[in-house]
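Shared between the two complexes below is chain A, which pairs with chain B and chain C, respectively.
Let's look at the complex of A and B:
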């Protein structure tokens, strides 16, 4: 008879401490202590009922760490409502807010395409520059195509340059003509010219 | 003891876009500046803590630490630089320049900045580096 390992006596399973409810966590988003607000924001993962209230807090939260936690939680939902609620802040006067929101949107490949048309048509060219920045990091099979469209169609040189900058890491020989056309479209923009001229040798394989 | 040999002014270019860094590096490098690069505000602050620069050229929209926060950090007691800071951004809404000046920038330029203008500005702002000597004496 083989040896039978004696099993350790089973301990009764310790019940996990139950965390505060979504309602309590939501109320703590107004707590004066930023650490408490941050914990609440992170604790609201998996509580879709909290999304509207969190979206409403994005524009008013002043602590960057709390804001980042809130955006991390919201981005995890990756829904069109969240994407739309965040995209409005790309036009914010607060640089910290708009860059944090852009970083969050870049992690939302499922829902970001839904807000893309309105961002590409935004009258504020800075919003379109931010959109190019998002597409640079967005893990989506169409991201390259959207950047190509921006380079071909956007009337503002800063947007086109931003889109070229975003495209370059994934650019191939197929994009050479696109860059040449952009350079021709904005002959008086020194930075755009420099960007294209710097990229061409790598793409064409010539010095 | 001081050396009579003039040293090249050191510039830190802070921008998350690699092509912008390359562009500014190329322009300023060809004009005789010694150029270093940082990809965001945090990297800039780390670089400034290790090396005193004579001029900072800082973008606004950057991940991790945006340009305004970066300039505030550079002017804070921790870094305490008195060197001139130029902010360059695509943002030209009313108030953007005010925000830059409040943070501690000396100049706010809107992209695209012509190469010769950037070099002229850099040359002008680094011509008198007496603030560096004052800081050394104070230290």
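Let's look at the complex of A and C:
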């Protein structure tokens, strides 16, 4: 008893056996064991032929941990096809799926701009709120500009409030007038008014 | 409005900068860290083509994940490691986590296989050897339970240093004198080498935490220390690292992150658990 060394010292990167093929991993996405599905989804990184099948499973996978691993693998592709295939779930009735997909899209700065116009024009304002959430975390030099556009142009106060909330961490005194204009555009919306009023002292440097 | 002479940062600038940096790295600098932050921002500005904080910060926000942000992170994070660093987490391991692990695995005398502890990244070895010291000196079950300690890192040079386990005085300054006498040997030039018995008990591996295939050989760890590394990754890499750590752990296993890191900002697959000594993350027991 006490401290023991592992019996067979391992060199993981040298002695690692060949992993299962993409074909086998794909078939395991239907395995009843969620842990096996999770590991298969992670193992499919670098197998672009698996992307359509994984995208098709995003909406039907019931285990949130398996869904997370699929999204981690899919997001690594950062292609317009993947972004488009994920973005459709922003309108899902399932909050867990919507949120997980939004978090994945926020890690796709190369391809997300391609789906942005259709998301900004989505008739469902909740989709546009989710879009603002994505832009809050998207590491893209235009993210700030897109949020400003949402604040100026979106007709729904919840979307504008969401965009303001997303903008605030990177907002400066230059954005004060933008916030004042938004507050004036929706004078009867208490949440938007609260959000702007709470932000102004920090941005203007006044109590 | 207050400002500092070196950078010209106003209080408002500092708050905006702190919020930006927190958003990008998860590291929060309170006003009490103002002097530390101002000095390092000043260095970044001097190393850049910009003359003022406003111009530098605007360029930083525009370029975002680029080299400007990396330089800033390098300036604002302390890479130095040493024995018994952030040892409140070792306190948690001894007082709460290990008893829970033993209970979950059937208790002393009935546990099958060793308790497995992983330090990743282990850098030059201070962390896994600190774990060994704390277990040997302070865990009353160490004579009744087998414990495997593994250290892993992507850098082969630091692993070679970890294997040699020779440290300067600064690195061992928090090690009690009695422990120094018992487990270290002076090897000259103010350096001290960890005793062969401990060195040989720690298994070292070279691995990239983001490499799912390589991480497949790490399985069934009861406790993982993964401190102050996820902050260096972009969001996607952090997600994959989190998934790989999850796969390396036994259901119900415990994950310690650095004090400024939050798994909640990376992935929802772990369950945060509040211990008396602080926050730890668990692989859910319901999952296989």
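Quick note on the criterion: the second predicted complex is superposed on the first by the 191 of 207 C-alpha atoms of A that agree within 3 Å, B and C clash if a C-alpha of one lies under 4 Å from a C-alpha of the other, contacts with A are read in each partner's own complex, and residues count from 1 in each chain.
Just so we're on the same page, contacts are C-beta pairs under 8 Å (C-beta built on N, C-alpha and C of every residue); 3 or more make two chains touch, one makes a residue touch a chain.
Small disclaimer: the values here were computed from a predicted structure and weren't measured.
Asker: Tell me the contact category for A:113 with respect to chain B and chain C: first, second, both or neither.
Answerer: neither
Asker: Return first, second, both or neither, reflecting whether A:141 touches chain B, chain C, both chains, or no partner chain.
Answerer: second
Asker: For A:194, decide between first (touching chain B), second (touching chain C), both and neither.
Answerer: first
Asker: For A:76, decide between first (touching chain B), second (touching chain C), both and neither.
Answerer: In the superposition, A:76 contacts chain C only.
Asker: Touching A:202 in the superposition: chain B (first), chain C (second), both, neither?
Answerer: It touches chain C, and chain B stays clear.
Asker: Quick check on the superposed pair: does A:125 touch chain B, chain C, both, or neither? Answer first, second, both or neither.
Answerer: first
Asker: Is A:95 touching anything from chain B or chain C once the two structures are fitted on A? First, second, both or neither.
Answerer: In the superposition, A:95 contacts chain B only.
Asker: Have a look and say if chain B or chain C is in touch with more residues of chain A.
Answerer: More residues of chain A are touched by C.
Asker: With the two structures laid over each other on chain A, which partner does A:84 touch: chain B (first), chain C (second), both, or neither?
Answerer: neither
Asker: Quick check on my understanding: which residues of chain A belong to both its chain B contact set and its chain C contact set?
Answerer: Touching chain B and chain C on chain A: no residues.
Asker: Flag every residue of chain C that touches chain A in the complex, lowest number first.
Answerer: Its residues touching chain A are 1, 10-12, 15-16, 19-20, 23-24, 61-65, 114, 132, 135-136, 142-150, 197-198, 200-203, 205-207, 211-218, 234-236, 239-240, 243-244, 246-247, 267-269, 284, 287-288.
Asker: In the complex of these two chains, what residues of chain A are touching chain C?
Answerer: Residue positions touching the partner: 1-6, 9-13, 15-16, 19, 33-35, 38-39, 42-43, 45, 64-65, 68-69, 72, 75-76, 100, 106-107, 137, 139-141, 144, 169-173, 202-203, 205.
Asker: Quick check on the complex: what are the chain A residues that touch chain B?
Answerer: Within the complex, chain A contacts chain B at residues 93, 95-96, 98-99, 102-103, 125-126, 129-130, 133, 157-158, 161-162, 164-165, 168, 189-192, 194-195, 198-199.
Asker: Report the residues of chain B in contact with chain A in the complex, numbered from low to high.
Answerer: The touching residues are 17-20, 22-23, 26, 60-63, 66-69, 90-91, 93, 95-96, 99, 111-115.
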